[in-house]
């Protein structure tokens, strides 16, 4: 039954699985690895799974653009949760292998820039070849095709390997953001530390369009946390923008900004309002003066009085 | 009874009286000249007159700032009509006077720059002295104190003078805008060619405040027709702005812009929505895409569907 | 000889004369009252005076718009100094007059709103009539035409009157700004607390023009201190803007903003860069990051390196 | 010798090679395929190649983010040319294979979404597995591991395969943009149809920073053609932006915008000014009024006159 099943970007042993296992609701579900982000999401669209966990930002799995493009196109889906996972690699080898014995290494292509400095320092002569995923790289080491693979430490057991070195990451603070995606439904109630995701299509050949889009948010005091351009598929120079904004669609300032976008842009797709991972309500940036729900309501009341001839002040 | 009485900036024979007489509703009222704009408006506030006609823009009567300051302060009033009057002066003299016989001329101080070039060309040696109003200047000619006065041609008869020269105006297209002001009530319905007037107070010492104010209008596609800074009386550097915007408070784009101002500014005073003088509905500048009432309604509907989990597109 | 002569808005005994006498350079000049702002400035244009002091902002003399319009039109002039003068009125009477004996009062029309509340409280039944200037009002009291005049206390002696009440001003902090105007020449060197004045003409019927004008300043971090719209004389709806900006034309950020205006506006007239009155260098608002001369120079150097193929970072 | 050698993103038979062969200057060089974008660019940095051709936008090779990140980090490089290549896939098979006989297909992961609809229509039951590149997929078909591979038709001969179906592309107008990258040097002269690329780092946690960045371009009338956010590696929420702007660094409007960015952003990297591919000079969007070099020069001259006291108009 679909309600008991969550899909995720597989194979088993990827960072996505590790992220999914941090969610309490995952404990009681059947977790099904899928070969790709589209496959994981199509299972949700088809009603074969209740939700899918997929990477969406700064991922080492290469999932970002695939996820954004999938959410932007096809039958609508909605984001209900986000998960942040610190990313550190382990160098997985067959038992007995030493650093000196490593001539070839593999891993997902996106992992390579994240371990490049480490490789230069510790394995300057090893040859790198890419694998389809970090977990797939581990499998290829198991099969003897490569001497070592970069993957999550948690993947070692699955493939009968051992972590020779752990906590490898060139950049401090490397982390990946994952989203739990389901079919459209009413968003959960605002928590006070929320995020709203939308995809916005620009009109053709309008050089100031992005500036106008940003002003719809800025004039209502809505801060943006992410703006990511994506090709629309209609040729070079045609973009849509995936935007994450602070706040919840139920917040008046966010709702008014979304309506503004809806009016000036050819197409806007609402991807959900959901709690921000890792941010407590008290750590949210204070609202700009004049943008709270109370101030929106007061201004509506004032407008009604003006229209009614009861001018105050 | 107040409902039968309209006040106006007097004395009799001013351009304001001429403007008032162009209004059909003036035909059945008692028209009472007042010594000043504040006096004309205070009669309305006190219930002694139903409305007052006063100059508000580019006037030759010097009324602009007095009118703006009166509308901005004190008990609220509202604008219901505007009247545009082309301004051309006549040189009024006692019967028998010739150009060669004119040694002294008078008129309202604001008239002087409007006839300066004409004076230089035709009466280079005449001495100018200011009068309290153009009509008062005519009276002083009648009394023999000056040889000639600049005033409206219509003032000649009142003071027993004759127009020696007419249609004098240095600038082409000189005209004055007058407004009919009453106590606050529900504005008349939109005509499709409307104007909305507000006075907006800036926060103290916020250099970008005016830019933000303009953006509240711009982001909703509301064009401004006039913006006039006025001191608030709290010392040099403290301003409020009188703004005329295209559209009616009942237009969604105008209403949302006004609410935006209300939220970010310490004080906003609504001065009315009323038909534009001299502009037919078909001559109004087309709305920017995305700012019609229909588009506002469609965006509201879309937002409601999103909040309800019925994401389309 | 013109170099020894300063004109000012007369007559003797006005606030303008009081402001002029605060300037050290006035001590050694012949100070000549003129009947109007245009007359005072035309004397400078004609080479008959080295400079003229005229009110420019929030004046009780009614000089503001006359001054702005004169500076905007005709042969160019330039502002070299500004003077701020606190404004308080005295009620001048013939010796022996008491409050109870005052039936008629006079003063400049612009003085009236500034003493209105005082009049209502202390002389509710007195009749107000306007005079051509405050000093002229004093003269009319001397001649017996009115019982009392509002004017500067310093005007009492000139007209053989005595100040019955002093320090009258409805608004706290009432003050007038005067400017010393001469023929165009190289501005004095920056002091670190400077102001730049320009008049900017808008293109016809371009609703967003004012927003663009403000953005030319904002994008370079130049704060505006005053923006005043003035009709251009080409009919209702045609404006130019008189703008005072923080900083000196020799400051790179100000120079770049002025050039930006010059490119997008049909006409820009530079009215001068001069020291701010009443503001010490240490009290000037700090510059926005990235707008100092040093940062402008560093950016120019960087651009030259880029154009030269010496890309750093 | 390095001057005779161009590297490119290999292996042989990729779209990148096809793009490189469209450049006249490639005809006389040794063309060397490299295993990755970093490898191709590092060869240039090391002086082992004169230039490298790599995909930068909307690529089917997955090169975009790798290229952007490489250009943004490490030793500076500069873009000298761009190449646009229409992208259409061929389905390559071993001679004799028919559609009915295809059970497994491969290709680069980025190719998959571009042929997804075609697959659904024509090979609904075939199993997709990803390869490291399209060319590598072809090699795996040659080796018998898969039945068919999506790749450029030109890759067939290299791997002894034949194109069973050609011109496969779900989206109309699919194309990839490639750039020819070398060590920093003086950019080639403006052609009138140029493009300027920069990478801009945002200050931390400044929600309006992107809006300000766009305004630096907008206020000078510089149109943007691409804006792409990239993580800086300092954790979720830290971005830099790769921007392509219309015009050449030698154009005054572009130079001033770049200096503006340099002043307000922590870091700006100039990536080059180069001719736009596929756009003739006469097809370039007309400049906004006030942004031509002639207008910049006229404004500079005017400013100099103002500073010199020679105020005109």
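Which chain is which? They are A, B, C and D, in the order written, and residues in each are numbered from 1.
Everything below uses one rule, namely that contacts are C-beta pairs under 8 Å (C-beta built on N, C-alpha and C of every residue); 3 or more make two chains touch, one makes a residue touch a chain.
These numbers come from a predicted model, not from an experiment.
Visitor: If I superpose chain B onto chain D using their CA atoms, what angle of rotation comes out, to the nearest 5 degrees?
Guide: 180
Visitor: Same residues or different residues: which describes how chain A and chain D meet, taking over half shared numbers as same?
Guide: On the two sides of the chain D and chain A interface, the residue numbers are mostly the same, over half being shared.
Visitor: So the centre of each chain is just the mean of its C-alpha atoms; given that, what is the distance between chain A and chain C in Å?
Guide: Chain centroid spacing, chain A to chain C, equals 58 Å.
Visitor: Centroid from C-alpha atoms only, then distance chain B to chain C, rounded to Å. What do you get?
Guide: The computed centroid separation for chain B versus chain C comes out at 24 Å.
Visitor: Quick one: which residues in chain A touch 2 or more of the other chains?
Guide: 215
Visitor: Can you tell me, using the touch rule above, whether these chains form a line, ring, star, complete graph or other shape?
Guide: Graph shape here is a ring: one loop, exactly two partners per chain.
Visitor: Name the touching chain pairs, please: which are they?
Guide: Result of the pairwise touch check is A-B, A-D, B-C, C-D.
Visitor: How about chain A: which of its residues touch chain D in the complex?
Guide: 35-36, 38, 57-58, 62, 65-66, 69, 84, 109, 112-113, 116, 128-130, 132, 170-175, 177, 207-208, 210-211, 214-215, 218, 223-229, 231, 233-237, 239, 246, 285
Visitor: Going by the contact rule at the top, pick out the chain B residues touching chain A in the complex.
Guide: Checking each residue of chain B against chain A gives 76, 78, 184-187, 212, 215-216, 219-220, 249-250, 255-256, 258-260, 262-264, 267-270, 289-291, 295-296, 298-300, 302-303, 306-313.
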